[in-house]
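Working notes, structure below.
By letter and in written order, the chains are A, B, C and D; residue numbering begins at 1 in each of them.
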Amino acid sequence: MKVSWFRRQQYVQVRLDQKGEEGALWVKCAGCGDLVFRERVRENQGICPRCGAYFFLTAQERIALLVDENSFQDVSKPIVAADPLGFVDRQPYVGRLKEAQQKTGLRNETVVGRARLGGHPVILAVTDFRFIGGSMGSVMGEQLAHAVGMAAHELWPFILVTSTGGARMQEGIFSLMQMVKTVTARRELERVGVPFISVMTYPTTGGVLASIASLGDITIAEKGALIGFAGRRVIEQTTGEKLPAEFQTAEFAFDHGMVDRVVERRELRSELVRVLEFFPGGRDR
Amino acid sequence: MKVSWFRRQQYVQVRLDQKGEEGALWVKCAGCGDLVFRERVRENQGICPRCGAYFFLTAQERIALLVDENSFQDVSKPIVAADPLGFVDRQPYVGRLKEAQQKTGLRNETVVGRARLGGHPVILAVTDFRFIGGSMGSVMGEQLAHAVGMAAHELWPFILVTSTGGARMQEGIFSLMQMVKTVTARRELERVGVPFISVMTYPTTGGVLASIASLGDITIAEKGALIGFAGRRVIEQTTGEKLPAEFQTAEFAFDHGMVDRVVERRELRSELVRVLEFFPGGRDR
Amino acid sequence: MTVEDLIAELQEKLAELKRVARENGRDLTPDIAELEQRVAQLSQGRGAWDQVQLARHPSRPTTLDYLDLLMDGFYELHGDRLGSDDSAIVGGLAKFAGRTVVVVGHQKGRNLAEKRARRSGMAGPGGYRKAMRIMRLGERFGFPIITLIDTPGAYPGVAAEEHNIGGAIADSIHAMLRLRTPIVVAVIGEGGSGGALGIGVGDRVLMMENAYYSVISPEGCAAILWGDRSRAPEAAAALRLTAHDLLDLGVIDEVVREPPGGAHTDPEGAARSLGEALRRHLDELRGMVPGELPALRGSKFRGMGICEGAVPVTHEQGGE
Amino acid sequence: MTVEDLIAELQEKLAELKRVARENGRDLTPDIAELEQRVAQLSQGRGAWDQVQLARHPSRPTTLDYLDLLMDGFYELHGDRLGSDDSAIVGGLAKFAGRTVVVVGHQKGRNLAEKRARRSGMAGPGGYRKAMRIMRLGERFGFPIITLIDTPGAYPGVAAEEHNIGGAIADSIHAMLRLRTPIVVAVIGEGGSGGALGIGVGDRVLMMENAYYSVISPEGCAAILWGDRSRAPEAAAALRLTAHDLLDLGVIDEVVREPPGGAHTDPEGAARSLGEALRRHLDELRGMVPGELPALRGSKFRGMGICEGAVPVTHEQGGE
């Protein structure tokens, strides 16, 4: 099931950079409505210095926020999305991909790397929401399988940080099948006893939630995350139900036993280091 | 947790023979209030010929109702309850045991036998509620372990028919430990791939529900059964909650996913035969 | 609205646009191109929407219909043992071709009241947990597992989210990858996204000829892409969701023939055809070492996906 | 009311009865005998009720207190992944004696608000399912498991029954019997029947000196036997529920000394004592083959029970 990500501002205090705003010096915070100096926000881990609202992070920003300085080595597979269906909507999928690549400077939505956190070697995979909603197609499936393979080989913990609207419609059934593919990968970690820490950030929904993201040994939700399978509008239209105020927030997920902890962005790095301390092993140690 | 079985008449249409009524020609039906001829009830599988209410069955009656004629061979272990705590309440436990033995003609509350159902060889264990509420002490634990051991050895399906108020208070901690003991026994069946059919009749509660009875491969509730962990009064007193009308009935258990089917007493034998047809094996076949 | 109606309507609009362009001398080339492309896409993929309609036909045989027709006795099991019995998924023991199998499938309901009670086959978390429980029962006794998929998708509701529907589907996928017993999956009607996949991880995946299987419903896709659910036929064509599409894409293993006109015109015929295919695949799988099935099943799905700029990832046949 | 008060009261009644019998020449022998027996039972078992009181002492250290004192960092995990997070059970990763362990325990709450939120340690089905999830996590990484028992019993409530509390406890017992990692259980306060046992299946079962462990609460026992909850002290004596009783009966493996006056008078001392015992047992178990633990654990419990008229069933020590 695909979740529309167009209405995110309604229910959490996060705001995606708008196209064209990329170069702006000032950005408007969706939390307090104030114009804040972009650089101040960057330095502040993507948190509004006035009201504490979280801005979207790019994959690079997320990585920088988590890993030991200069420890990240990008080992993503050099692959890009194919267009197996010849999909055309408002524009051809190939065009949409090019646009996303230009806008983000990324080849695709998933970045995989070797890194250290508090000295612990890990394999880290991060999805970038700016790239077609961080949605999962064949590339994300392959990147995650690749990342897990490395983690299993090195016996290093695997950390996945998701920001994704779910499956990527434009690759049709192949996107759906990535749900199974990522779970088969997750099984490799079980076989070798390597921990998998799933970090859900805004948003973690649809087919990614219903596959690898939900299968962490430890699952951490970033405060402000949207976590849910079906989209709000779909639920309202299908069932006519009124949605509770906290619906599909990180706190909702916590209250309903879906995640181990809800963690502030500022605490996320130290939280992960704390978790890693419990797991011995890793070839370098 | 021990469930009091003193208030059973309040909530299902079953009636225990009262002491002293054993020899009476007529019994009063708790369902319709009429006096009915005891022999008619017996012939009618313990069902009131007027209103269809279920009377309690003794272990012998239950067995007769289920197995192929003349196929039952009692292979219960020749054991009786010890009194490891020297327990005395209104009367010493040893006196209570003697009384129960005299009243029921049974050595203890659990009868184990080899039998055939529709030609299928099985190991059958039945608890008799008349014997101190069919409660589980060391003897029931050992009888069930013994029964399961035979089933695992013969590769015959194991059928357990429970009518029990839960753990037997008078044997204290030993009764509690039978919960684990019966589950270890159940695990033997898993190892050899022998099916375990759990049949819950009025009542199946407390420590027996919270151990082996809940772990059937197939679980069948007899209509009219009371199925629940905690006693109604305990719940009311502890929480002040008002109990739903259907609370802890077989239908309640079904609606809440605890049992596979609710079956009329008349259909129980044919239902079990139907289930057994699906399981090949058994040394005689 | 049929695809034909839609195409006719678009062609009318197209003619009008061209007329305006010609008469008023305005340059409407981009609009005309877009419309022409839509018409082309629809014409090319007109089978897609027709098959979606057939897959949803109110008289199309359901899981229980097929079980009635195919199985020699179906003994339904109930409950997830966790608090619920979700009737949008049925499951139990059955005799098939003389042997015991475990069957799990979505059940839409065969009349209005039943459809409501079963939420038209849209299962909640309890449904997937019941399915897992019953499939594990099958594994314990070495019974092969057959799953029949027929759902518009998992139930989108507050209670479903509260009980972690995402996690339930993930767990079910995970559980199916571990089962040491053969699994044959057949999409018999609607194969609606994660709700379908939740019981869709098999050593073989078959599709009935008029079934569809898609990452998103055509309506949902149209709503997201064009803000217009009525453009579902186009979305259906774009998604390549028919049985033959999926066979071409290497995602399924076989298309099961239906009687001319669709399964609802001849349920017995459809069941015969499905039964033959199930039997054949189960026979093939029976020869395999149970302990090896999970690894083969895993590598089958592990190999699904098409990327560029790297060693091509192709679909490896599991279990052959 | 203390046991002493109760005995004094009964002795007064007894004196009165004897006076009446003597003065009025009535034969009150059976009544006098019953009272004398109650007094004897109470005197003999007066330690039992005192220890129940100590086990329930409002300042007695709870699971989280012991974790604070014993563990080098406790990382709490939450949720059963099925819809709930029951705070009557806490669990997570911890560093103990330099190694990672998994800890699961009942948590009563340390103040009124917390006690209410945690239902005084009375766990519902979600609690046992969370416990299972966390213990299985420990097994995946070979971490030993420590469980701390401190509950009046499982929560008796409508929602608990609706979510199959009986099945949840049964499943948890079943799961613990299968875990391929060492398990040490310690009853630190109240060991209330099935609710305690739900996380109580270990290779070693220890009890703090003033803890109790019983098939039923003394009050519940008294209510059933005599229709009088105030006779709980007698029931406590009859049930043989103290740590030393259980050691004598062969049901537990060790009594963990508490500071004089009870754990609440010196939590650090109590924690040292508990920590020493846990460490010692974990060290012993560490030498064992993980694959053999389930069978040994099973035979330990398989051997519990005392019957007559058959080959005596004795308590076999698992894991030694």
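Here is the rule we go by: a contact is a pair of C-beta atoms (placed from the backbone, for glycine too) under 8 Å apart; a residue touches a chain by one contact, two chains touch by 3 or more.
The structure presented is a predicted model; accordingly, all values stated were derived computationally and were not measured.
Relative to subunit B, the most remote chain by averaged C-alpha coordinates is A. The chain pair with the larger count of C-beta pairs in contact, out of A-C and A-D, is A-C. Spacing of subunit A relative to subunit C, judged by their CA centroids, is 28 angstrom.
Distance between chain centres (mean CA atoms), subunit B to subunit C: 44 Å. Measuring from the averaged C-alpha position of subunit A to that of subunit B gives a distance of 53 Å. Residue positions of subunit A with contacts to 2 or more other chains are 214, 256-258.
Across the assembly, subunit D contributes 81-83, 162-164, 167, 171 as residues in contact with two or more other chains.
Under the stated contact rule, the graph of chain-to-chain touches falls outside the line, ring, star and complete shapes. Going by the touch rule set out above, the chain pairs that meet are A-C, A-D, B-C, B-D, C-D.
Put simply, subunit D touches subunit B in their complex at residues 37, 41, 153-158, 160-167, 169-171, 173-174, 177-178, 192-195, 197-198, 201, 213-216, 220-221, 223-226, 238-241, 245-246, 249, 251, 298-299, 301-302, 304-310, 313. Of all residues in subunit A, those touching subunit D in their complex are 190, 193, 195, 214, 217-218, 254-261, 274-275, 277-280.
The touching residues of subunit C, counted against subunit B in their complex, run 73, 75-85, 93, 95, 100, 126, 130, 137, 140-142. Listed in rising order, the residues of subunit A touching subunit C in the complex are 1-2, 4, 77-82, 84-85, 87-90, 107, 137-139, 141-142, 145, 167-169, 171-181, 183-187, 205-207, 209-215, 227-231, 234-235, 238-239, 241, 243-244, 247-248, 252, 256-258.
Subunit D meets subunit C in the complex at residues 81-83, 125, 129, 162-164, 167, 171.
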